[in-house]
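Note that the chains take the letters A, B and C in the order they are written out, and that residue 1 is the start of every chain.
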Amino acid sequence: MSEPFLIGDSMTGGYGKGPDILHDCTIAVNPGEIAVIVGPNGAGKSTAMKAVFGMLNVRSGTVRLGGEDITSLSPQDRVIKGMGFVPQTSNIFTSMTVEENLEMGAFIRTDDISETMEQVYELFPILRDKRAQPAGELSGGQRQQVAVGRALMTKPKVLMLDEPTAGVSPIVMDELFDRIIEVARTGLPILMVEQNAKQALEIADKGYVLVQGRNAYTGTGQELLADPEVRKSFLGG
Amino acid sequence: MTDTMKHSLMFVAVGTLILLEGLTNWSFFSGSWNSSLVILNMGLISAIMALGVNLQWGFAGLFNVGIMGFTALGGLAVVLTATPPTPGAWSAGGPGVIMAMVMGALTVVSAVAVTRMLPKGRMRGLLMLAILIIGFVIYRALFDPAIGAIEAINPAISGNIGGLGWPVILSWPVGGLLAAGAAWLIGKTALGLRSDYLAIATLGIAEIIIAILKNEDWLSRGVKNVVGLPRPLPFEVDLQNDPAFVERAAGIGLDPVLASTLYVKLGYAVLFSVVLLALLWMAQMALKSPWGRMMRAIRDNEVAAQAMGKNVTKRHLQIFVLGSAICGIAGAMMTTLDGQLTPGTYNPLRFTFLIWVMVIVGGSGNNFGSVLGGFLIWFLWIKVEPMSLELIGLLTSGMGEDSFLRGHLMENAAHMRLFTMGLILLLVLRFSPRGLIPEK
Amino acid sequence: MDFLNAIVALTNFVMIPAVAYGSQLALGALGVTLIYSILRFSNFAHGDTMAFGTMMTILVTWLFQSWGINLGPLPTALLALPFGILATMALVLVTDRTVYRFYRDQKAKPVVFVMVSLGVMFMMNGLVRFIIGPGDQRFADGERFIIKARAFKEMTGLREGLAIKTTQGITVVTAIVVVALLFWFLNKTRTGKSMRAYSDNEDLALLSGINPERVVMYTWLIVATLATIAGVLYGLDKSFKPFTYFQLLLPIFASAIVGGLGSPQGAIAGGFIIAFSEVTITYAWKKVLRYLMPDNLDPDGLVQLLSTDYKFAVSFAILIIVLLFKPTGLFKGKSV
């Protein structure tokens, strides 16, 4: 198997000097793919993603982006390298307008951003209508769109989403997933942590089931959905 | 070297500094025992204030920058307790003032009651406004003639309500009570606020208390000052006229004037030490008691303490009142020592923020640290001026005697002490944030 | 006629002074609120920063005056102002480097920052007194009045005069220009937006590649500018005395908190609310009421609600009322 575009390879580590939460955990994603991390509560799903993004002390193992070892870079430097990250909470500037949120997303860019902003508006048409409104006044689903749009503004090479559907209604969730698929179709690799395992695996090209910070099952979304073990333990039969 | 030994050595060192002030006139020391005792006495008072602030900040994490106000209330207590009553003042204005006060209190109480009882809306707002306006008008109608009558009585020497004529020592606990009462009122309204809001609120209260002392002539003679307050010790002049005292002074080889001044200052030092030791002992007992442990638990994690069923606001109110009362006692002692109440001289830099420097430098959360900080910082506050004069003299010794820069620097050297206090505070916060004697 | 006289008296003794004072407070409160929203602490050294900036401006003013440079009818201090601002910028940047940055790296609690700002306050206060002394300094020169009371009376034939001091006019005009520039900067420029973003959501700002040290630096530069301008305007209008500037801390904080700490709009609104309340409550209304009441109801007292020495009490009472009923201030501020 060739080297994936982004890989967190055999990562072991925890927050600060605290105990290890991840144990020899591997997560990878390739262009055009949606990779989903699922697992029970406290399995270290978000932690695994944060490890890939550099918000965690990775004591052994490496993180590589496009073949380059970025294990020692800070999250900010990883953004510059082309990683877009959408945190689970506080992921928008609530007091600023939608358009300003997008502008701030593109803060590190010095070139013309209007084209990228146009693309984001095409992807999320509702944002175009609300561009002059403070983002904090939008509904939950719209806020998540602002958050994803903000991350897209850097023209990232890979997009990472931490539970993008947390706290939104099932209808909004379906719509968000549709948008995410659309983003993936542009060729952008997407790594996503999801609580709603079943729906997420349905759209996933690759799925990682984590249990207690270790890789428990790995496969395509369909394989995992079909795996009786996985079904029994996480998907409720 | 054990900690206890190290800390004792620090006390010895500060004590030595104060002794040297009396023993030698080398460098910035003056070689005057009078000056040494003045520093000691104010050091004792400062230590008590620092103890009070440490109670609030070190035990409970309350950020009170209104110390000046409580100190000034202590000073007012001396006037109201110890001075002789002004003849005729009570009959002239007493009832009016009391009725005005009652009216004011009634206004506030009924305004609060209206807020509590009526539903929110325009009706409530208008009613409250009406109560406040009518109440204020009646209050002023009662108050103005009453204080006018009081202030008209012999304005050159009194013109105020006077006091109860009690022994002046009694004014110290009264000062504590007065400060405690004010602290209770403030605490009731402001203690729920965030730490920096509480700071601004207390800062404001202190300014208001000073404004009252400066303006309410009927109470404290305002900026006309109250001088000649009674004192707990004999006057120097009386001692000098007392043959027995003069004889005893001659017996130890002192001239009567020096002996009398030293005798009085030593007397104050003994009185103040007794108060300091008593308060220190109580503060230590409190710190070690379950109550003190709970306080520190609340300070370190308010949410957890609340979850465990502790009434955080109530505990905070308790300690806020206690700490402020201690500042009030110290304020009364200070006014007694000065022999006069001069509302115009209260300045937050000296009476609030300097005490904070003492607490932080000494070690917040440690009673002994606060006491040490009180002595050390007070010594420096007095001595930084001659020190910087010495330093500037040395640095500019190359310049001519009539050099403008040299003259300017020498003239303004006095202001170096604020600068130095700030520097000390910053250095301690940076390199030894837990202070000289850290909390255990 | 009486009604017009009353209006003029009101404008002359209440409105104009309050507008000028309100502008000065608003500029001061803007500085406090910016520090609060970016560095997240209440800066007790702000009054003394204002004093430092004003002092530097005064020194340069004296220098210009000794050279014979002046601005004709306008005060020379306006010419010296940029130099005062530059000096203050240098001072606050050095302070930030040597003092505050250490605690930022440590992610110290806000109350530690407040303590540290107390130390800075002492040092700046000492520095200012050391250089210029603790006394009163007047440095306004040029034309004293835009409209003189007597000229106004002759012009209108009214009994009441209306006087507008040059310094009051300058205060209001400068404040409008400065506030407009500040809002343009915060809302339209990339750096300004990055400051708002940082204030709104620090972690996300970091993720967006906003450099916190740059944001902090720009904040200090703006605060130095605002503080110096506020201080110089206040000094021109009244007089400069280090201790008065230290005491301005209370009405300035009251303005910022009443408006909502962290909200620039709030700081401006708060400044005017505090100024108007202080002036109206401590003003002796006799002069105005005399014209409005029938003769037999002429007020015999001064009709002054509180003596002017209680102006702190006014700021403070408003502060407490707002904190009790609307703890985040009139414009929703942030709470740390």
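FYI, a residue touches a chain if its C-beta (ideal position, glycine included) is under 8 Å from a C-beta of that chain, and two chains touch if they have at least 3 such contacts.
The model shown is predicted, which means the values in this text are computed figures rather than measured ones.
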item	value
Topology of the chain contact graph, where touching chains are joined (line, ring, star, complete, other)	line
Most centrally placed chain, judged by C-alpha centres	C
Averaged-CA centre spacing for the pair chain C and chain B, given as whole angstrom	30
Approximate Å spacing (C-alpha centroids) for the pair chain A, chain C	47
Whole-Å separation of chain centres (CA-atom averages), chain A against chain B	59
Multi-partner residues of chain C (at least 2 other chains)	none
Parts of chain C lying in touch with chain B, wherever the complex brings them together	41-42, 99, 102, 110-112, 114-116, 118-127, 129-131, 133-134, 243, 246-247, 249-250, 253-254, 257, 301, 305, 307, 309-310, 312-313, 315-316, 319-320, 323-324, 327, 335-336
Partner chain C, residues of chain B touching it in the complex	61, 63, 136, 144, 189-190, 193-197, 199-201, 203-205, 207-208, 211, 214-215, 347-349, 353, 356-357, 360, 411-412, 415-423, 425-426, 429-430, 433
For the chain A and chain C complex, residues of the former touching the latter	75-76, 79-80, 85, 87, 90-96, 100, 103-105, 107-108, 150, 154
Chain A partner contacts - residues on chain C that touch it in the complex	190, 193-194, 196-197, 200-201, 203-210
